[in-house]
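Below you will find the structure I want to go over with you.
To keep things simple, chains are lettered A, B, C, D and E as they appear, and every chain counts its residues starting from 1.
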């Protein structure tokens, strides 16, 4: 069962990803991305990481994709149809395959010894996040703040502009 | 005087350095002040250098007036150790003399006078520094400090030369000179690093010339190591000494530089290179030196001949002098490479003598150029008619450079020949031939430029100014004095040379 | 039960795809999307490891998932700020085409 | 005797004094030079008498084993090269060496210099650079006297160079004249080439002996401490210096040109003193030359002979009065060399002195003529005896003396030389020597007749006798030129003769070889007679040779084309090489060797910058490639 | 986890800084437009106070917080004070520029303060995630600041390139982290070094992960071949931001790298001796490419970008030479960082002052500066001489020290190469100096007012840099000379910092 799900979800994940990078239509790309990200959430479920799956769907599916779509619409211009790949795409393919090769070789040469699959408790996760990882957590909040302020400052149009 | 004894060496670095700093704060709109101030500073330097030279006890020998300040402690171990020996004492005096001369003669600098004297004094400080320190780090520090101001000194206050078919701009010359000297210094730097690493593997890492010298003397530095490190110093320092084929910065640079800078540079700065070879190469790497000396003396001989032959066909007055420097530094290199007490002593004396002589020549050429605004020896002629003293001094300098007895150049060259004769006979003979070639171009220059019927164009020229007369006169007196009675100089040099290893 | 290595391969594949997207696409928005793919690949890897490797010596218990949470956070922030800048460029220059965004080079 | 060093030093002191104080002194300080040399002349007599009274037992004196004569040596340390405690150091000294040879030279130099300086007061009167003239003169006198007094080779070399530079300065005294300027340069450089040999020779001796002392070098040569090869090489190298200074073939070209200098200078430097320094050097270093059977002396003889013959022949056809004298000087220097080469030590020195007085006289006479006529070409002169009788007479005395007319000094000295040659060298030498003697007489006669006798040329009416300042020295010299031969004889009881004073190893008696005497007398008289036919009575056209053998005339009149060949060598070889080296320096060393790498680096920079394309994705691509590379590298370094 | 609260005082500087930043942002909201000039002064004063606080709270402390996530030691204190001090000077150099040319000044200083916080946390983090998140805080601030001149296409472009490449590289870095985690299961530096030390049978994914991690950090310091964003961003960003990028962000990244390598890699001596060559190669390529390409630049900021790439090469050489038994290399890197930073500050402050006066930033625009603004020209010249490694300036001493360390660490060839690269660098520094000192004043300057940005100023001759600017310039010039002449006190501090991360030495 888990094998079946794994293969299906992997297919969706990778297929969605390929869709993102290969399609000529930007909106399609965003939708492919959605597919891929949701499939990833499915993979998290196989891995018994329900919380992460939830977060994945909420943040990616609910927030990021929406923002992307907004951005696509805001930046839609006459040249979108011809937007696809740049001139170096064959090189890009080779480079990506090269990296894939190295990574796969690294993973497969001497696989890590593993134990039973397990599911960490929500409570433990939360406890850890707010005690041990409190400082990174707070810093992350500042990161979000900065992103927020930055997005506002940069995207906001003001009078002087024109 | 004991306090002066303690601090003389420190002062001789600090006085010009502080002078440079203080000059920056002089009023900008009164350029004369900077000049007077610089004169004051360099007079103090000259007095200090005289004190150092005179108080050097040649009977006792060795390093004297030693003083050491800790700069950085372990793990790197750098001290500012100061001391003077028989080799550096005359060179310190030389720098004192030429520095004052250069400052005096720079009265004619009219643009950005203040900046000029800042840089000139920094240059002087660097040179003094190299001669008095006994630590590789600071040797290199002051070595670079001496090079540092050159770019601006040439680039800003220099002059370009039009050869008709092409133009040698001051910017080009300044850039070449600067990069060349720095390029040389990177070899030195690598060598210094190698030595430091070597000393670390042998126990305590150190930059101290004294400690490294002891290591070398104890034979714990392997011959193989010495053999690969020595060429770094030989070529690195050699570049500054005008070693062929790394000499081309020298004529171009000297020609482009303003008079005072040419004097200092050709007169003193080039000696830093030769001094470095002696102080670092020979002392720390005696076996390496021995293995490489045949090459050095060969190159030195090439310098002598090549410089002289090149000088023959130059049409620019200053280029002749520039190439003659290349040629004469060849004698210094040869003398060093003989590893013979007489030869090395001759090299040191030649450094002094050439320093004074070439400074004098540049001074006089500069005086001509200031007045005639041209340096082409096919155009200038018969200047004797208007510039008597100038021509007379030039003749003396020229005669000193062609090795006329009674002038200092003879003693020095003669000693170099003597040293080389015993060790590298064929090269010594070639060097003697080189001295004859010197006569050819010097006399050609004298005949074309200073003697002969005067062109009416030069009617308006005036003779040397009082300052030029005074500086030139002192230099002439020194040339003659050392030529007639070299013993005061030699007894100091002899002591210094005798303590070098491998001799 | 799917071994860790398979997840890792999927992750590597997704990473490579995203990377290809960054390298080959012309639209800045698509590049942002491709980066998201890469970040997801990271997360797959982290979560698979944290789920499979429990009990190893000196293994930090929740770290994989916690890191993944941070990654998602940062990814969101990146998208937000990145898109803001893209919008700004589009407003100033009417293009989001990275081919044309080369005022500065060499 | 220990005060002999004062002789040159006085002149050395006078020189800078004249330069510095001269402008404020009457006569621009010229009297200082004259005072100095006059004092020197006086001291010379004191030294001479001291020496004659000295014995080998006196302090500082001994009988040299190498030369066989009494030698007194006074030394003062000068400086040390190398620490004295090291074995490889050398102590250099000032030292005066007094022996008969030195004394002979001292006498010649001080006397002629004094005469010439006095003469110059008249000759150079009104010259704006009179002070400079006398300063250099004083400098020259000091250097020349140092040269003859030096007891070591280094000091000798120094003096040698200093006289060279003084000669340069005096030849070029009227440097506004291009010819003078060029001549001065040529003189210095040509002699300098010889000096290379001299210096190398000195250094060679030093490296063998370990000292610059002459006596030690001589000792090493005669005792065999120095091998034959080294000794002969050293001798030949010294000879090279001597040839340069004494204008011996092939270095003779500078001396005729040197006539561009003021005539008194020619008289002093280029006739009587400096040019004989080469002869002096060979004589001084005779122990080295004659060691190992005197192989080197054969070279000396050949050089002397060739020089003498060649330059005598040129003198026959030259039309410039001073150049005739110059070639004559070269020729006679050649004879002296020949004499030395034939072991005629005494003869050479004797001729040196006799020739010195006579030639100085001739030059001063020529100067007097030129001073008054302002001409130099003998074809423009004639019959001057009518307007300047004293000059004519003293000139004639000199010419006759040098021409070898019996009883005059030149006759005796030439006779001694011929004697030596006939004894020690093969017949070719003596035969050629006779030819030279004949030519010598002929050209002297020619000069004398053309200039002073016959009809007074038109345009020379204004010529007048020179002032007494000029004639008086000439007359004193004339006395010596005529009567110096007397010193040659053995005056029983009173004087041992010249050969008894100056000799090498064995005192020589005066000897007179009848056939040589007769033959040379016949030749000399014949030459004068022939010349009178040609130039005085014009029975024979001087052009006869030109018609018979035009090529020979052309070759000789063009001085055997030496100047042309040398000029060619300088222009085509030296300057070409020099130009090539300068070009090489600029084009290869600088533009390729220096600018090349610099430009390459800069170009690499310019090309390399293109990798930053401005396109974001290519940046990313580079990163990926770097990532792959780094990952692989890391992996490789970890297992 | 009781230790969490006990030692919370040790983080007081961070909290204070965060508070200060948020406070500035808040105050700015309520300030009327005319009064916004107080924010920089407030920020600077706050930073000064935090420096005092840090010194008071942390001097001599040596502790680990949050189970090994953060370190409070001499190393972090050193960098903390360094960054805070740098922050003050950057604020002073920015003020005039921000005032005249940028909107939203209050947020600018707020972001600046937050980025300093990020840098501080980077210097004290001992764990990959903490380090990463701090790095992101810094990066985000910089992304925004780079794009701050939003009306200018170049600034937009800089922001875009920076954030996209930055996100891309952080993805790579994170993937590396994930690989490390999946191979050994830990992310703390100390644990990594333990795992490496006992790595008999470890998955190669670890090696690849480490490589990817280094790529991410290499991007941050702009090591070749991860450097190409740097010139564009430096050129496009507003000048004070460029200065900040060149100085602050680089120093922070190196602080992180130093600690990571010293605590994570170096203790595994066998492996580290294998890996040194990797850093050495990276260093060699970086210094060569940076300095070579700089030869061809015409824009001042771009020139500084390539020059800083070159300097990164030198610093990486120092990293490669780190050794378990000696603090020499670590001293060298830190000394170099300090010297390089103050020198760059001097140069940038002068360039900013020049830009404020003229609105120009090409090298040729500097023509005749020695006559127009002698003090600025002297500052730039001194800075460049120092960067070129010439004595009495900091550049000489720091280069010498660093190269000694590199050579002693067994990389004499690398030291030689570095010295050669310095030689190349001198050429382009001299090109600038030539413009200032040798070329004549261009006619348009003499003539009057034509300016690139169209803003009309008084004739330049009547202008001079603000007193604040002059103050910064004077201070940094003094510092440059002092560090070049007598760095001993500084080295004492650095020595202590080195001991903290390399206890074995």
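Going forward, a residue touches a chain if its C-beta (ideal position, glycine included) is under 8 Å from a C-beta of that chain, and two chains touch if they have at least 3 such contacts.
The structure presented is a predicted model; accordingly, all values stated were derived computationally and were not measured.
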item	value
Both-way neighbours, i.e. chains that touch chain C and touch chain B	D, E
Touch-network distance, chain A to chain B, counted in steps	2
Chain pair with the most C-beta contacts	A-C
Most remote chain, CA-based centroid, reference being chain E	D
Identifier of the chain whose CA centre is least distant from the whole-structure CA centre	B
Chain separated most widely from chain B, comparing mean CA positions	A
Whole-Å separation of chain centres (CA-atom averages), chain A against chain E	31
Whole-Å gap separating chain A and chain C, where each centre is the average of the chain's CA atoms	5
Cα-centroid distance, chain C relative to chain E, in whole angstrom	26
Distance between the centres, which are taken as Cα means, of chain D and chain B, whole angstrom	37
Contacts with two or more other chains, residues of chain E listed in rising order	129, 133, 136, 140, 143-144, 147, 150-151, 159-161, 164, 168, 172, 179, 182, 204-205, 207-208, 231-232, 296, 427
Chain D: positions in contact with at least two other chains	598, 609, 612, 614-618, 620-621, 624-625, 627, 631, 635
For chain C, residues that touch 2 or more chains besides their own	4, 8, 15, 18-19, 22-26, 31-32, 43, 48-50, 53, 56, 66, 70, 74, 77-78, 81, 85-86, 88, 98-99, 101-106
Chain-chain contacts as defined at top	A-C, A-D, A-E, B-D, B-E, C-D, C-E, D-E
Chain C residues within the chain A interface of the complex	1-10, 12-21, 23-27, 29-30, 32-34, 36-37, 40, 43-44, 47-56, 61-62, 65-66, 68-70, 72-81, 83-88, 90-91, 94-99
Residues of chain D touching chain E in the complex	598, 601-602, 604-606, 608-609, 611-612, 614, 616, 618-620, 622-623, 625-627, 630-631, 633-635, 637-639
Interface residues, chain E side, partner chain A - complex	1, 4, 11, 18, 25, 65-67, 69-70, 103-104, 107, 110-111, 114, 117-118, 121, 129-130, 133-134, 136-137, 140-141, 143-144, 147-148, 150-151, 159, 179, 182-183, 201-205, 207-208
List of chain E residues in touch with chain C within their complex	129, 132-133, 136, 140, 143-144, 147, 150-151, 153-154, 156-161, 163-164, 167-168, 170-172, 174-175, 177-179, 181-182, 185-187, 191, 194-195, 205, 231-232, 235-236, 296, 302
Contacting residues of chain E [partner chain D, same complex]	160-161, 164-165, 168-169, 172, 204, 206-208, 210-212, 214-215, 218-219, 224-226, 228-229, 231-232, 271, 274-275, 277-278, 281-282, 289, 292-297, 424, 427
